[in-house]
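Below is a structure I'd like to ask you about.
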Amino acid sequence: MRRYGVADTTFSRVDMGRIAMRTIEREDPEGEIVRYTVPGIKDLPVAAKRLLEEGCDGAITLGWVGRTTLDKYSYLAASVGLIAVQLLTSRHVVDVTVHEDEADDPEELVRIAEDRAEKHARNLVLLVRDGGGALAPFAGKGLRQGYGHAGPLD
Amino acid sequence: MRRYGVADTTFSRVDMGRIAMRTIEREDPEGEIVRYTVPGIKDLPVAAKRLLEEGCDGAITLGWVGRTTLDKYSYLAASVGLIAVQLLTSRHVVDVTVHEDEADDPEELVRIAEDRAEKHARNLVLLVRDGGGALAPFAGKGLRQGYGHAGPLD
Amino acid sequence: MRRYGVADTTFSRVDMGRIAMRTIEREDPEGEIVRYTVPGIKDLPVAAKRLLEEGCDGAITLGWVGRTTLDKYSYLAASVGLIAVQLLTSRHVVDVTVHEDEADDPEELVRIAEDRAEKHARNLVLLVRDGGGALAPFAGKGLRQGYGHAGPLD
Amino acid sequence: MRRYGVADTTFSRVDMGRIAMRTIEREDPEGEIVRYTVPGIKDLPVAAKRLLEEGCDGAITLGWVGRTTLDKYSYLAASVGLIAVQLLTSRHVVDVTVHEDEADDPEELVRIAEDRAEKHARNLVLLVRDGGGALAPFAGKGLRQGYGHAGPLD
Amino acid sequence: MRRYGVADTTFSRVDMGRIAMRTIEREDPEGEIVRYTVPGIKDLPVAAKRLLEEGCDGAITLGWVGRTTLDKYSYLAASVGLIAVQLLTSRHVVDVTVHEDEADDPEELVRIAEDRAEKHARNLVLLVRDGGGALAPFAGKGLRQGYGHAGPLD
């Protein structure tokens, strides 16, 4: 049986963790899910590491980033940390990040967050359950999360 | 009994360490607190690591950042370092940072610093004492430290 | 027999993985190739690490980066991660990145992507099969991937 | 007996290493000092690591940074490296950096460099000899190195 | 007998590796030199690590960086990686980088590259053969590589 980690934040303005959990349940009904909620994105790397140490085969992190340059620096530090967690464990931590300046309209932000969380939760299941070949049919297809697919150019 | 580390700086213009200690004492009266004061934010990662090595179950760092681009680069380097400490120890180091350009009014800066230090000290107690499920009821609720809560969009 | 890893993304709008594989097959017909496809560039470091752990002697990663500052921060985090993978394994991971703002014309972007993927796949074979002396005759020659060679100035 | 490392550069336009050594001698007359001079700031992390490996209980690094964006990127990389040295050794490396654009007047730059080197050398002695509680009376006091103290806001 | 590593790129428009090798031969005629050529600066960290693993006592890397922001991000990632190599091995990797926007005139760029490669190759020999005290007489002297010395301010 596979075990999935879901790490999210209280800073986020959309409950993306719930969407990720619902998607994982639907895509892999036999999978087990462990949730870990932290204050903000800079707390996500250690949350993901702890989830993997507790036996999760992979994890999804769901972060929300404000509009200022400082928020972006925090995003950069968190991203470096999330990649480090993956290199330390050789397991996938798929990162969902929504930036508050991606849209002015709150409803549009909610839509982006939900679409991105759902699509990446599906990606996580494919990677964890089916391995690195599962996404090969979509390589170079210009897939997007949060928006409609851009599609291939060639 | 839980042990909490509090790392702060002489650079800071508000004694946030004192506020964090007072909050931890109130939230977890049986907890023990160890304080470690360093010159500036780039010294915080090793201070946090030493606190955790001395047996602290988690730590809070309280940094103050100036207005220039260079101050922001120092913030970025310190943030990467604080995340590294957490990955090396698998324990939480909740970071409170106040940026001097968050407000022009000194009184407003003091208010931001106090609110942020207090709320994050409470977060630390919840994470250390009650684990990664303690904050789950607040996931996606748009909580803020230093400001009023932004609230959920969905 | 040499084994080569090819890690690419579903975000990319050109199937650069296919081009890299075709080039490696042509340059080193006895080599074996393992492909690993992930959602985006921040997933490439762990994919490369897993390929090397599965016995690949070297790997090529093929990433596609959007136009925003945030995309560039993701590029920076992924680059730091890809270098870390190489330092952890002492093996080469040659990185091919195409930035969507390198050209406005889609055909030109495709051309850049194909040229860069092909030339760097050849570089990977030279480094893995023939070692660090194989490229010495071209040192300082101003070689470019994705564009025509700039040539030497001296 | 305590041993202090002093790492400085030939790039610097002020002999801050000399000032740091003089200050350490005055503040801890029984301490031993080892000096290590490198070309520029990117060489400081390994110099600090070697000093700590040779038995220094802590170190001070004295760097000088030019005016361009690239110089700032080098500062960022060096800062990340200096924090990494501290995390690898659990010992303090107090960093003194002077940026050439902090002042247009050369005399003012010299004054900044001397003040910063002297104050941080004193900080190093306090941290190494007396530990993380030695600076606690000054926590939140708005101390500055290179400039007059900003003072507390609360 | 000392062994020196020289890592350079095919991206560079000046054959700085040759200049570095010639300088090392002149400064330390008994030294042995191993050259390793890679495509670009992001490949230099693993090249340097491999050179050190093959027994080199220190290395010099010679990189060439384009004009765009992305090139600068690659420079930042490579710099972090080169510092990491030094911390992993406790040996010096002196980095020579020429940025294409340092001069508009190609002849001036060649002159910068040659001067910088030669001076830093000499620095490497001093550090490897004579240790961290060899450069102490020049500490704070405002030495420059690629340009004339700035000189001391004090």
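Note that the chains take the letters A, B, C, D and E in the order they are written out, and that residue 1 is the start of every chain.
One rule holds for everything that comes next: contacts are C-beta pairs under 8 Å (C-beta built on N, C-alpha and C of every residue); 3 or more make two chains touch, one makes a residue touch a chain.
This structure is a prediction, so every number in the text was calculated from the model and none was measured.
Shared contact partners of subunit B and subunit E, listed by label: D.
Superposing the C-alpha atoms of subunit C onto those of subunit E requires a rotation of 70 degrees, given to the nearest 5.
For the pair subunit A and subunit B, the distance between mean C-alpha positions equals 25 Å. Centre-to-centre separation between subunit A and subunit D, using Cα means, comes to 40 Å. Shown for subunit B are the residues in touch with two or more other chains, namely 76, 80, 84.
Order of chains round the ring, from subunit A towards subunit C, by the touch criterion defined above: A, C, E, D, B. The touching residues of subunit D, when paired with subunit E in their complex, are 7-18, 35-39, 42-43, 45-47, 49-51, 53, 69-70, 73-74, 76-78, 80-81, 84-85, 88, 106-107, 109-110, 113-114. The residues of subunit B lying in touch with subunit A in their complex are 72, 75-76, 79-80, 82-84, 86-87, 90-95, 99, 120, 123, 127, 132-136, 138-145, 150-154.
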